[in-house]
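You will see two complexes here that share chain A, one where it goes with chain B and one where it goes with chain C.
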Partner chain A sequence: MDDTPVPLLQISDLSVEFPTSAGVAHVLDRISFTLGDGETLGIVGESGCGKSMTALAILRLVPSPGHIAGGEIRLRGEDLLAASEERIRDVRGNAISMIFQEPMTALNPVFTIGQQITETIRRHQAKSAAEARAAALELLRAVEIPEPQSRIDQYPHQLSGGMRQRAMIAMALACQPGILIADEPTTALDVTTQAQIFDLMRELRAKFGTAIILITHNMGAIAELADRVMVMYAGRKVEEGSVAEVLARPGHPYTQGLLECVLHVEEEMPDERETLAEIPGMVPALTGIGRGCVFAPRCSFVMRHCREESPSLFVVGEAHTAACWLAVEGPDRPEENSR
Partner chain B sequence: MSESLLEVENLEVHFRLRRPHLFAPAPIVHAVDGLSFAVRRGTSFGIVGESGCGKSTTALAILRLVEPTGGSIRFDGIDVTALDADSLRKLRRRMQIIFQDPYSSLNPRDRVGDIVEQPLQLLTDMAPGARQARVEELFARVGLRPEQRALFPHQFSGGQRQRIGIARALAASPDLIVCDEPVSALDVAIQAQILNLLVRLQRELGLTYLFISHDLAVVQHICDEIAVMYLGKIVERAGRRGLYGNPLHPYTVALLSADPVKDPAKKNLRARIRLTGDAPSPLEPPAGCRFHTRCPYAEERCRTIVPELREAMPGHWVACHLVRIDGARAVGPSMWAPAPAIAAAALQSSGPAIRPSA
Partner chain C sequence: MNSGWRLFVANKGSVGGALVLCAIMLAALVGPFVYDVLPFDMVSAPMTPPGAELPLGSDYLGRDVLAGILHGARVTLAIGIAATLCTVFIGLTIGAVAGFYGKWVDTLLMRVTEFFQVLPPILLAMVLVGVFGPSITTIILVIGAVSWPSIARLTRAEFLRIKEREYVLAGRAIGAGNLRIMLRIILPNALPPLIVSAALTVGVAILFESGLSFIGLGDPDVISWGYMIGNSRDKMFDSWWAVMFPGLAIFLTVLSLSLIGDGLNDAFNPKLRAR
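What follows is the complex of A and B.
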């Protein structure tokens, strides 16, 4: 028997393409990663970097005319790309579930939250309506919605933003999935509610042992919740490592930029207002990306070689890789250079 | 010329809802309830609070985009609340607004050059040629290329759209710009670009900002003076150094606690108050201190007596019964002993957790 356990989720060389009038857009370009049991993996990057598309691809929900152009998605060894439509419907909401950024648009406005949660339960489990309702009530209690007995019969518009997000989490956890994909779960919320949702996710993770894929544009959220982080840019993975390692020693200039952009409340205040670190420019169009590093046009450390050849992922530390030529070319690590 | 560009006194905005039935009294939303503050020329004044605390209503009331139901707003000595439509239009040349959502605040059918030109058409008597030149200048100033004027909003990213919104607000050379959550809809990487732009424009043009946000880290970077709002009232108002260095109101400490930590290892070092649940409805704000229903320190008097906003230290105002003055220094929650009931609650995961500072 093989001693190495089959990973919970293994993605290899996943590519997603969209045909556009300007040519084929490589929305995901050979993305590979694994997710272990009970682990929280953060995926971070700007809008349009492909992080949400990765989540949709895992559930085989890539919107048309886009399609998965290559690669493998294995759930406990089972090839999801080869699975039947019927089988993938069993996986969605049961083995892998997802919560979305804007709970107002992700919940159905014409059904009560109780109806929406019980629908999920009854789709996957042989439970009577009464049993499913009792389970839904229990879930609302688990996500700390006050007065669950009356809230269960309310419609999404009757709940506050924070409570809607809690209801979404309750629905996602209905069948105790092994994997929860959280796509910007707190971005639309107030800071105080954000903190509550992070606390809740931490608690639920401890209680149910759910593995989480946390998708966000904010490195602050990664520091709050994730164990490991994968940084994406223009449909590619540019860095991966443990959160502690990546926060302390970012190997890619883009990661470094993302870290510097996060504003924190500072206890020491300079009198003069400092200019904030920013990443100049914006994400490139995904059609007609030429040779060379995709980040080169925005990179402050760019060298001639960067424009000629695209870097592959180099090992920069223990279980820490970065796709940057600076990571290999001598002792001049990016963070030691001044901008 | 007075030092303050904007003086708001006892501002009150109440919305009357529809009667539930014919003989019932109309429910009243107490959106803004007796707000007073002044904004000095060339500085930035921040208003922070959660959704529904009345911060955006305050912003709109100052521009009279909603009608105040009480109090006064003086802009450069002129009483804004008393103006007729014609004088109000003249005054609006001098006070402009940047909205939160760069998608819904630009008309998708207009070319962006026309969007930026509209305030010039409506509020100034510039000749068409001069207007075109001004639009070009504005595009360059906010970091867009002049030839992009002919494009439509959907051809721009979120950050670029917010630049267009800023150019439109700048067009008629205003003195005051109300920024209503200008970066909260943007990616962090783009937020920094827009904040840097706002700071640079203020320095170059001597602008005065009224900056509305729910994010204390953003406000700390931009603002000279800050008011923290809760359910329609100011609970604390102070200069930047005072508010962040010595926060006095438990609600301010709670907002500061919610800020994500930079370093996961230091998670528990700061005094933290974690709020549970949502703020009560402004339809029936709680009696006494409006924060008492969520405050871990609330005592009997907090439930009955409304705390007045008082000057605890020079320039540092707070509305809380529990703030003590110890010599020259006011003592905030970080130095209060946690009440016994709270210490017990902190052990439960759902209760308000208070951890003393290191």
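What follows is the complex of A and C.
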């Protein structure tokens, strides 16, 4: 046991709460996962399931009045929740950095992209302005921005959406972080640009050995880029496993539903087309969650047990867990129902 | 920035204002060297009307009005600019801290701001000048002390608006601390309306100084336009020129500042601004 290397990032029982007028909302409820060096973990789920909150919590940036209510975040064994404010600022952008969904709003409109990348470098490294600028130019080249010498002095509004996201990635990679959190990095981009950004992220991962946490609601992106996937629902982890495992044998009805929602292009005649599957119902309000499984109200396989007790994560395959009673017991039998 | 400049130039009024202000500043800088008369010297018979000898006449003590205007321009403009810097410094600091930190800090600072807002500024200024004595420094500080609330409220509103932007969060995510976020990320984005407001504040400060001088609370050792008007106001009907010309100077300066503020407003307006 002692020989096991300390994982790059280890999250255990992380909880985030928001006080609201309707009571405390458990936005994250005891989330645990680990991230190894150079690994890509995909986090999927619907809007509001806590994906982005997980990302912000790792950097201790949960917006007020929310707060981290419990758990541990260990970066190479160091407890980030106990770290001083100065220490966490050194971690941000240096050991762990983040790219955002909408590069237009995440880049500061009044500074050139060169100034913004340089600022990040000089915040964390003792470099002269000229050295930092040279490094920024190198980064723009690495993220394959055409004509970096002239782009470096342009403002965000002068760049296309794809180039802005490339600039954002360059900024995030400025200090060669061990972990890159990508919060829906391609949602705001068109499909061809999305593919280019994924290619770029794959290349950069190989080049810098950066571990990536890819947050998305796009199963295609997960299949494309991730090694492991974690499925979240209403602030809870409902399934985790290798991408191949989860996509082939989803263990949780919610994951099955998400996979069915993906549009497949098939050679079908127009009249044979089926309507796209959807998961009925909506994500429950996070203030009024009862004792049963959170997904029970929308689940098509719901059993009596589901409404009474929340399932923990059960092993359903090799390094594959799912929080569903179906994993350990069959569907309701008649005698059980009549008991 | 180029498109902003184009918008400023497109506003004819603001270009006119800028030209007039440039002329006034030029007069303030080189005027006293070209027209070599000291403003407190009694150079002619009292109340000489404007004519060949004295272009703008002399006041009831025989002091040259033109010399007063040229020398007074320096003092008046200097007071306007210094008082504006003072106003912006106080207002910016208070507004930025209130808007950025929010909660009880905001509540406390805004109550203080409101306290200053409900007091009539001229009364407060009279009390302060009365207590500390009428010197240029006091007058500058007093103008700053009574006119910061509007800048503070504007800054606070901008900070409240901008601090929710994603690039502020992105700034935190690269390790920026509070001070860096306030000064390097939020402030540059909040500047446009503040610059406009500061340009208008210069005009207000000049008027304020004139007002104080008019009621006799100006610095008696230096000549300013307000001092000239205040000094000659009893003899207004006998020597209108001693009041009229400094008044005209104030009017032109404040008007041109106001026009410039207008042009800056256009230049910074994203809706008028082409890509």
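In this section, the second predicted complex is superposed on the first by the 323 of 339 C-alpha atoms of A that agree within 3 Å, B and C clash if a C-alpha of one lies under 4 Å from a C-alpha of the other, contacts with A are read in each partner's own complex, and residues count from 1 in each chain.
Definition applied: a residue touches a chain if its C-beta (ideal position, glycine included) is under 8 Å from a C-beta of that chain, and two chains touch if they have at least 3 such contacts.
Just so we're clear, the structure is a prediction, and the values are computed from it rather than from any experiment.
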item	value
When chain B and chain C are modelled together on chain A, clash or fit	fit
Touching partner for A:Glu72 - first (chain B), second (chain C), both, neither	neither
First, second, both or neither for A:Ala221, with chain B first and chain C second	first
Once both complexes are placed on the shared chain, angle at chain A toward chain B and chain C, C-alpha, multiple of 10 degrees	80
First, second, both or neither for A:Met163, with chain B first and chain C second	first
Contacts of A:Asp37 with chain B and chain C, given as first, second, both or neither	neither
Which superposed partner A:Arg89 touches (first chain B, second chain C, both, neither)	second
First (chain B), second (chain C), both or neither touched by A:Ser47	first
First (chain B), second (chain C), both or neither touched by A:Glu131	neither
Chain A: partner with more touched residues, chain B or chain C	B
Minimum C-alpha separation between chain B and chain C after superposing on chain A, in Å	8
Residue ranges of chain C touching chain A (in the complex, touch as defined)	165-167, 169-177, 180, 184-185, 188-189, 275
Complex contacts: residues of chain A adjacent to chain C	59, 61, 85, 89-94, 97-98, 100, 102, 105-111, 119-120, 123-124, 157, 168, 171-172, 174
Complex contact set, residues of chain A against chain B	46-47, 144, 146, 160-163, 190-196, 198-199, 203, 217-221, 223-224, 243-244, 247, 257-258, 261-267, 269, 273, 275-280, 282-283
Residue ranges of chain B in contact with chain A within the complex	50-51, 157-160, 187-193, 195-196, 199, 214-218, 220-222, 240-241, 244-245, 254-265, 274-278, 349-350
